[in-house]
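Common to both upcoming complexes is chain A, partnered first by chain B, then by chain C.
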Partner chain A sequence: MLSSIFSTLFSMRFLVTIVRLATPIVFAAIGTFIAAQSGIGNIAIESIMTFAALASVLGSYLSGSAWVGVLFGIGIGIVTVMLIAFFSMKMGANAMLIMIALNTFADAVAIFVLYLVTGEKGTTASLTTPVLGSIDIPIIKDIPILGEILSGQYVLTYLCWIIVILLFIFIYKTPTGMRLRACGLNADAARTAGINVEKMRVLSLVLSGIFAALGGIYLSLNYLKIFSRGMVSGQGWMGVAANGISAGNYWILILSALIFAIFRAVSIIFSSNSAIPTDLVNAIPYLAVFAILTIVSIVNYYRVKRGHVEEQ
Partner chain B sequence: MSETILKLDNVTKVYPNGTVANRDINMEFEKGEIHSIVGENGAGKSTLMKVIFGIERPSSGTVTYKGKETDFNSSMDAIKAGIGMVHQHFMLIPSFSIVDNIILGDEPKNGIFIDKKEAAKRCQELSDKYNFELDVNAKVSTLSVAKRQKVEILKTLYRNAELIILDEPTSVLTPQETDKLFDQLRSFKEQGHTILFISHKLEEVKKISDKISVIRNGVSKGTYLNEELTMQQLTNLIIGRDLDNDMNAYKTNEDFHGEKALQVKDLYMERNGKPVLDHMSFAVKAGEILGIAGVEGNGQQELVRCITGLEETKYTGEIDICGNVVNDLKIKGRRNLGMAYIPEDRMGDGIAGALPISDNLISTYYDREDINGKIFMDTKAIRKTSEDLVDTFAVKTKSIDTSVNSLSGGNIQKVVVAREYNTHSKFMIAEQPTHGIDIGSEEFVHHKLIEMRNAGAGILLVSANLNEVMSLSDRIIVMFDGQIAGYFPKAQEVNESELGMYMLGARHQTPEEIGGALND
Partner chain C sequence: MTDKNTSSKYSKEYKLSISNPKLFDAIKMAIAILIALAITFVILCLISKDPINALKTILLGPLSKRRYIGAVIESFISFAFAGLAAGVLFKAGGFNMGAEGIFIITGAVVAWIASSPVTSSPILHPILCYLGAMLVGGILMILPSFLKAKFGTNEMVVSLMLNSIYAGVTAYIVRTFIATQQRGSVSSKDYLASARIGYLYEPLRISACFILLIIVTIGLYLMMNKTKLGYQMRLAGVNPKFAEYSGVSAFRLSITTAVIAGVLCGMGSTTQLLTQTSYYTPAQSLVGIGFSGMLLSMLGKNNPIGIVIAAFFIKYLEQGAAILYFVDNAVPSEIVSIVEGIIIMLISSQYFLRRLRERQLLKEGLEEHAK
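Presenting the complex of A and B:
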């Protein structure tokens, strides 16, 4: 039994699985990261993913086009962050409370809407929905080993990694990116340099909403091909955790997201093995989040104790 | 005939809550002059600067810049018009390089990207042109305070500022650095820049200004040519009476039998692998003020944090308060042994802003018998104590139930000093006790410190303000790079430039000379 698990762990399929599982977590991670860069802690990622996952499937069903579904999902992501921006920046409400509220009712609202449209409370399986497929890359797909990982992945996975690179360039190489970071590091300094801090924060929130939405859309429209209740199941929070670990370092952010994906993949392999209780196995990625965050905090604590302090 | 660059006509600023910050201010600034604006805290200097810099709009009256009436919606408009401001609290991003800090908001571009090469070139040229001696690729977090200030000035020059407002620029500098800054300001003047200099250090104002404008209680008390104004006249214009400067006259010298209020032995602490406190040993006797001078960031903060028990980083050495080793005690334990503390960060550590004055006046000894009943607090006693303290310390407020936040800086500091005074402690740490407060309140705080000293308290005075250290202290220690660089057993006999040499690390005493600080 163990040998079969280990043989899977070191197989090519395992790597392919990791890439697939990484997509939503990476989306969630960069979504949290871009908001954090401008000084906003966006913890509504999980709910945005849920809303977008459902909206995209419904949009695709109603319009008959998967890509219109994608636009639906992104639209709902933007609407959600604009609500957060409106209530917190314009009306002076506590952003944290708004986001907690969103997260709390996200699942319930999704199920309610699902019921209104389909009459069912579990999945959209009864709807015939156009979905997004995979892409085979000519030439590369014929390369042994590498071809299996790089080719044949889902459309949004490719989009995800393109965004990862473009976002890096945006944040660190363009004027707008630099201004956005300045808002997060010292809003007063940014303001006195003539930067419209609120505008920058809204921009970063919108990007955050789009990325989180894409994570949700990937889950429903691309990966599982249906919406089912509870499908986001903490992947948004893993993105938030990855951002916490990154401490503002972009590549550590991506790496953390990948590590969470590896643990998810491991849990999936173990769950196919009936000898271990499923609930325990399903807990692996969350325990990993817990363990990694704990280690990071302990390391930071001792760094301060030993007198290593960095000025932001 | 020189031309007028900035003109204020009947500028009045009334805040929505009814506070009149400026009333009918008329001032005129000529191109190429260094023009100081002086006044107490809350006199309306900052509001006036905000009006000029476009952060606030005047309620009535007009601001005319270069012959055109201004209509600034934000500081961006002022910057575009050619006005630059160096804020008292630096507006820098420590993790960015000097270049990035300078170009932020006005970046040279190459397509959609920032043209880093061009940016670095322009900044370096600018730095070289004005002899700033900066490596523009360095991270701001690695720079000294004086260099950070240069970066702030470069920021305004990069945006072609013709009128540069400097808000309390010398509060963080050593005398030598101040002299250098003044040389630079004079060279700016020669190149046609106009300098608007805000300060409450009058010696410096006298040293650098061509003209001086005084504001008191929001009203302009006139503009004067520097040479036609004596120091005494200036003080009189600012506070409306003469100032009492000679603190030594108030000192009495009772014998407290060489009792030690504080003794620090071989204190050592590292940060990022570098010693920030490097084997420091000294003692504070009962009935004396030991002043610690030094440029900010040479370990003073860490020293105070170690002594008060706030420091989280591990340190070695021994700290002894009123005869007890306190290394293992937390703040409250140390206070119980007779420590009082006036913290540097008034708003953050000194007060609980939203709470009433009365609560803030007892917060460090709320458990003392006279105000603490058996189960509940003794409200009556607290009110009595608070009212007495507000009276004695002349805190300007309508009621002791007002929240501390709503007081001016000077009055908040009086609340903090009153509270610590009322602990009747044998040992007091006064960390920047008059930082950023007006000369009237400063004088008051100084008198109270002397009073405590005369009554037998040992006071450790940590201050970046050299005049303060020199006028209050009995003995002086200069800290440089975490070490005691110089020890002066007779504070009256040292002068400013001598201390300055030690503050900058240009001189360092022998271990034998420094050993005297321990007072064995």
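Presenting the complex of A and C:
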């Protein structure tokens, strides 16, 4: 029994699964990260993913084109973050409460819309929608081991990793990225230097909304090929957790997102194995996030504490 | 338009000098409800053939039969407990979102005690269920708040992850220790008759839980407004730095509020299970109540009495929407969430109706000056 688990753990399929499961978490993580860089804690990622997942499927169904569906999803992502920006910046509402509220009724709103379109409250399985496929890269796919991982992945997975690299360049190597980070480090200083802080924050929120939306779109239009209720199931929050662990370090952010994906993959493999109760196996990814986040914060706590002692 | 700019610049001073903020809040709430209902009506026009009747059913339907209003009274109590739990946490400035998980895991405790023959007394048995759930709830709620207060861990993410972990653990406990083979989905054995809570006034389905809710609400109101702990909570909620420098221990405060919230969640889950169900289904019986509590707390502005009224209001609308769905299944009952969402967005906006308030204040100021 255990040997079969181990053989799966070290197989090629496992690595392929990790890459697939990592995509939405990485999207959620970079979405949280870009907003955090400008000084906004975007905790609405989970709800944006839910909205975008549904909107993209419906967009694809209505238009007959999967890519129009993607645009629909991204549009909804932008609308959601603009709603947050409007209420927190223009209406003086507590952004945190607005985002908690959004997350809490995201599922109900999604079910409401789903019911209006399909007459069901569970999935969009009854709709025939064009979906996004995967890409085989000509030469790389013939390389024995690497080919299996690098080729034949879903379209949005490739897009995800392209964005990861472009975003790194944007944040750390361009003037706009520098300005954006300045807003997060010290908004008053940035304002004194002539940076329009509000504009920068709206820009980072919009990017955040687009990335989170892509995460949701990947789940519905690319990975599962349908929308089903509760499909995001905490993956947005894993992105928020990855951002918490990263403490502003981009590559640690990506690494934490990958580690969470590994635990999701482990949980999937274990759940097909009857030796361990499935109820507990399903909780493994959440337990991993909980444990890693807690350990990192305890380590940081003692590091800061020791630092203070040395200074004195 | 320069007038608008200056007013936003000085809005903070206006806020401090407002003469009757309570009245203003009430007006704001009323207008928010009206706007939400107007938007709901627009949505109904789009999806229902008979929007006027649909809105009427949502608003007045629950009053049409005694058993409808009885169902509202019976079901709003556990929601109110969830709202009170969230209110206590939010009031002290915490973002522990663990109520959902605590509801689900204390459900297993209740089901365990209620289905085992610990006592045959119909009074003692429910009380034991309550005590068990309150104890476990109070203890388990501490974890995210403790980690936040001690190590600065992100309590929101931690509490959400714990919700999923507790859900898994609960399903495991119920499946392994108290499951029955009779039903399709995983659920506990039937509760013993002695554990069920009967009605004090059957036609309106008023039970002892209703009285418990009233006592707890008044107790919390007094605690928040008349005691040292309540003052510390409010202080920490408004300005944590100031609270810390005034000698309020942030650590002790967050642990205390977490325990209170956990105990309230335990009360809520016991009430829900012993009045509304005859066995516990982890994937169904208590799902979503903890999260709704946070919305209720926002609707009630963290005021215990406001939260209980909000819980009744939302359950009333949900009952109305359920009746409507029964009559006209074009309108899903989730429409209530949309009403709720719009109201929350509007009342948590400080600048909503600000112009109105400022004009009023200006008038009052001029009158005072004239004197």
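Everything that follows uses one rule, which is that the second predicted complex is superposed on the first by the 307 of 312 C-alpha atoms of A that agree within 3 Å, B and C clash if a C-alpha of one lies under 4 Å from a C-alpha of the other, contacts with A are read in each partner's own complex, and residues count from 1 in each chain.
Here, contacts are C-beta pairs under 8 Å (C-beta built on N, C-alpha and C of every residue); 3 or more make two chains touch, one makes a residue touch a chain.
Note that the coordinates shown come from a computational prediction; the quantities given were computed from them, not determined experimentally.
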Fit or clash between chain C and chain B when superposed on chain A: fit
Chain C versus chain B, contacts on chain A by residue: C
Please work out whether A:K305 is in contact with chain B alone, chain C alone, both, or neither, and reply first, second, both or neither. first
Have a look at where A:N282 lands relative to chain B and chain C in the superposition and call it first, second, both or neither. second
Taking the superposition as given, does A:I43 touch the first partner, chain B, the second, chain C, both, or neither? second
Look at A:V109 in the shared chain and tell me whether it touches chain B only, chain C only, both, or neither; answer first, second, both or neither. second
First (chain B), second (chain C), both or neither: which does A:A247 touch? neither
Which superposed partner A:I100 touches (first chain B, second chain C, both, neither): second
Is A:I135 in contact with chain B, with chain C, with both, or with neither (first, second, both, neither)? neither
Classify the contacts of A:L166 with the two partner chains as first (chain B alone), second (chain C alone), both, or neither. neither
Between chain B and chain C, report the minimum C-alpha distance in the superposition, expressed in whole angstrom. 5
Mind sorting out which residues of chain A both chain B and chain C touch, each in its own complex? none
Over in the complex, which chain A residues touch chain C? Could you list them? 43, 87, 90-94, 96-98, 100-102, 104-105, 108-109, 111-112, 115-116, 121, 233-234, 237, 240-241, 244, 277, 279-280, 282-283, 286-287, 289-290, 293-294, 297-298, 300-301
Spell out the residues on chain A that touch chain B in their complex, using ranges where they run on. 169, 173-175, 178-179, 182, 185-186, 188-195, 304-312
Chain B residues touching chain A - in the complex, by the definition given at the top: 74-76, 79, 85, 87, 89-96, 100-101, 104-107, 109, 112-114, 141, 155, 269-273, 276, 312-314
Help me check something: in the complex, which residues belonging to chain C touch chain A? 11, 47, 95, 97, 147, 150-154, 156-158, 160-162, 164-165, 167-169, 171-172, 175-176, 291-292, 294-295, 298, 332, 334-335, 337-338, 340-341, 344-345, 348-352, 354
